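Got a structure here, written out as structure tokens. Questions coming.
The chains carry the letters A, B and C, assigned in the order they are written, with residues numbered from 1 in each.
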Amino acid sequence: MKNRKNHRRSPKTVAATFALLPFYLFVLIFVLGPLIYMLALSFMTRDGWDAIGTFTLDNYVRIFDPVYIHTVIESLKLACISTALVILIGYPFGLCCAFLPGKWPSFFRWGQMLPYFVNSLLRLVGWIIILRANGLLDMLLMKLGITEEPLRLLYTYPAVIIGMVYVLLPLMFLSVQQVALQLDHTLIEASRDLGAGPVRTFFSVILPLTLPGLKTGILLSFIPSMGLFFIAAILGGNKVVLLGSLIEEQLLRAHNLPFAAALSVFMMLLTGLVSFLLLEHKRKGLK
Amino acid sequence: MKKHRISFAYAIIMTVLTYLPVAVVALYSFNAGRLTSVWEGFSFVWYQKLFADASIAEAIGNSLFLGIMSSVLAAVLATTAALSMPNASLPCKRAAEWTALAPMIIPEIVLGMIFLSFFSLLHLPFGMLTLFIAHTAFGIPYIYTEVRAALVSLDNSIPDAARDLGAGPLTAFFTVTMPMLFPAILSGMFLSFAMSFDDVIISIFVTGVSVNTLPIKIYTQLKTGLSPEIFALCTLMVLVALFCTLTAAFLRQCYRKKSKNHTAPMPISVHNKKDTPAIINTDNDNPQ
Amino acid sequence: MTDTKTATPKIHTPILCVENLYKAFGDTEVLRDLSFTVASGEFLTILGASGCGKTTLLRILCGLETADSGHIRLDGKDITDAAPEKRPVNTVFQSYALFPHMTVFDNIAYPLRLRKIPKAERTVRVREMLELVQMSGYEKRYPAELSGGQKQRIAIARALVGTPKVLLLDEPLGALDFHLRRRMQTELKRIQKSLGITFVYITHDQEEALNMSDRIAIMQGGHFVQLDTPSVIYNSPANTDTARFVGESNLLPASLLSVCEEKNTALVALSGQRLSVRIGSYPITRLKQLPKDTPVTLSIRGETLQIADAIPVPSPENGICLCGTVTETALTGGIQRTTFTEDSTGISLTTARYGMASTLSAGQRISCILNHDAAVLCLNAKQNIPSPDIQEGMPK
């Protein structure tokens, strides 16, 4: 059995290796580097505006100080509430739009994507107008006679929730709609044909098959939600503090790099845990 | 059909709610007065003030420049990577792939944090350069996943046919493979640009004192209070976005006639972030 | 440009010589010591089931893969190591592989542009090709707007416009429906004959192979089991696998009695009777070495078993009588097939003849006449077949 060396393969590999190099180096230096540095920072000691290399676990311990851990818990609560609302409102929305005939799914899809080309800050401005004291919402409610006094929703917790849901909803919608569009409608027909009513069909057929989209949507809503501090700042004033706001404050104002790093690592652990749980169930669910 | 009526109604309601704040802002952009509680008549004054405001123009210019440049670099890096990944031999190249995709799933605040601290460590001057690097870094995953997906669904016999008919490897690549990948690359760049233009958090962290991008300008302004120029800006941006969308849809219609069976996914199906980076393992070294 | 309508194919001149091709992917051997020649102007079909290595062979011939060892000579030149773009060999791919971003015209003009042929001449040649495949007027269309059959013809036009010395076709008609396939088979034959270009056609469809080819190569396990004209392959299959693969065959064991070399027949004992059978492609040297009463295998085509009226026929003049019990009858495409279990061997045999539904039913007795020299000796595929024993028949 003779073996001829395939000399067309070597130059291919060499060329490919060179082609990959810029990407490789960029990612190594500007993505991996920062991540590793952050991890290292979280174990360092603060030194004024800088950090010195003395190993310490203080930063992590500090997270569990009452005031900070309170923020973390409140953040998680807010994230969970927002995500829950996003599921309740966004999941049916995604499904509905996927089942519409003709070009409508496409239309609504673009409808949801369009606002993304306007900076998220600007989109929240509208809510400021609506929610402020004697703003549009108040005027409407008072006109309808539902309330007598202005609700003054701006700079409250609910306002932040509204803002969060508003910004995160499209992500859930798009994920769910994309999966739902690929749903084989003959499966639904088969289910009905075999005797299942609409509710049963939903739970036995539609829900399990769109679950991946739902899970993606949950991840995409939950993961950013603790970090969107600008929503809390604009709609919640100083009353609502997120984990993200905490990091921003520590980094930009208190200049406590190690603590900010520790908080960031902590946040990544939290989101990582949630992702893992969701995806782990995904794997189990398929069996 | 009854089912469609309910779905339709719900979809319409949701869309109305989505555009409600936008509509409100548009409405008040034409308010002659400054306060939103009082309607003082229809006027273009805030639009005039907007166009006169040089700092906003500068901020928009910066954001556009940043968005385009970072998308281009991200496209170059991501495309070369997607093409060469199967055949290259670099240590832990798969790990590099996962790392490159990480910015899609890491919370923006954390990204801001890591970039800020790392750039400080390197003593890089904060400004356009740092913004550029950071935006490229989080733009790469969008383009990479698109191009990778397009490559996977690419009918390999087509570049093979080009070789068979007399084209050398490079010629085959540029005349056949690239045009087929083009929509995927463009679509990824589109998304990368949108993410860059929309970005608030990372920009806040890595910008210098001298550079103002649009989101930062708006954020600082919002903290001090509402200004109707902002309303005008928002309305204009929605209109521009609408215009671009319609143009894109029109172009896609024309393109669709040309290639119904095209391998690359259409832009519309891609504007979603995948949860797990969909690393598709294609090694071109597979035997027949 | 030569007059394409009356080019006389130069047959008997070998244009493609393949020698000792070997290819393995990891531990799997895909091509084993494969050698053959193709004559200029010939339509050669390589027929085999999936996994026999025919696609790999094609890719090696066109240059997209390299063999581990062996040589390929085209028109005298060694092209074993040549890159695909340097070979005067073009391929029609199974998936057509039309460039989606180019018009039909640009697709066909592509190889000409690569050779820097001036625009005027390109236009003329592309138009000629379109006429040849009967797709004139489709210049400005895009591949996505074409049907399967139309794409097929454009792919063929594109592969032929550069006047390759050999055209390779990888199961080009696989995706087409029955009627279209039949039409395209005629088309391809017509194009091949009018241009005189050598075609190497790969397929797993034996009807296609029998219908279109000057010669067929049966490929199995990485090498050619038989390489001959369609009628020889049909009537004298080299071994039991080929017999089963091409046409419907009954395989019956018999005992060898004697060999008559001059008439190319042998005498065997079957079902207690003596039958004369053709030697066919069975290696005669090996046959002569076999002692009397050696078990041999006969290949009997269903249409040569004639159902008799009487059961059994006492002394048939021209052959022997095989009796048995009917197990099933089937009527497909106007052909009546009756399967019965033969008494002496217990093997199921199937007869085939034109007709309407059979009057026979399961459980009934049946007797068939098998004429002398209708059956043919067939090598049992489980025995090794060394390459030199394969007789390469040249095209007529």
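The definition used in the following text is that a residue touches a chain if its C-beta (ideal position, glycine included) is under 8 Å from a C-beta of that chain, and two chains touch if they have at least 3 such contacts.
Predicted model only: the values in this text are computed from it and were never measured.
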**Request:** Using mean Cα positions as chain centres, tell me which chain lies farthest from subunit B.
**Result:** C
**Identifier of the chain whose CA centre is least distant from the whole-structure CA centre** = B
**Message:** Using Cα averages as centroids, what's the distance between subunit A and subunit B in whole Å?
**Reply:** 17
**Message:** Between subunit B and subunit C, what distance separates the C-alpha centroids? Give it in angstrom.
**Reply:** 55
**Whole-Å gap between the CA centroids of subunit A and subunit C** = 60
**Prompt:** In subunit C, what residues contact two or more other chains?
**Reply:** 83
**Request:** Please name which positions on subunit A make contact with subunit B in the complex.
**Result:** 12-13, 15-17, 19-24, 26-28, 30-35, 37-38, 41, 89, 92-93, 95-97, 99-101, 104, 106, 108-130, 132, 134-136, 166, 169-171, 174-175, 178, 215-216, 219-220, 223-224, 226-230, 233-234, 243-244, 247-248, 251-252, 257, 260-261, 264, 267-268, 271, 275, 279
**Message:** Help me check something: in the complex, which residues belonging to subunit B touch subunit A?
**Reply:** 3-4, 6-8, 10-11, 14-15, 18-25, 28, 36-37, 76-78, 80-81, 83-90, 93, 96, 99-100, 102-103, 105-110, 112-118, 120-121, 133, 136-137, 140, 194, 197-198, 200-201, 204-205, 214-215, 218-219, 222-223, 226, 230-231, 233-234, 237-238, 240-242, 244-245, 249, 268-269, 271-276
**Prompt:** Can you list the subunit B residues touching subunit C in their complex?
**Reply:** 155, 157-158, 160-168, 171-172, 175-176, 179-180, 257-263, 287-288
**Prompt:** Which of the residues in subunit C end up touching subunit B in this complex?
**Reply:** 25-26, 28, 30, 55-56, 59, 62-65, 83-85, 89-91, 93-95, 97-101, 110-111, 114-115, 142-145, 158-159, 162
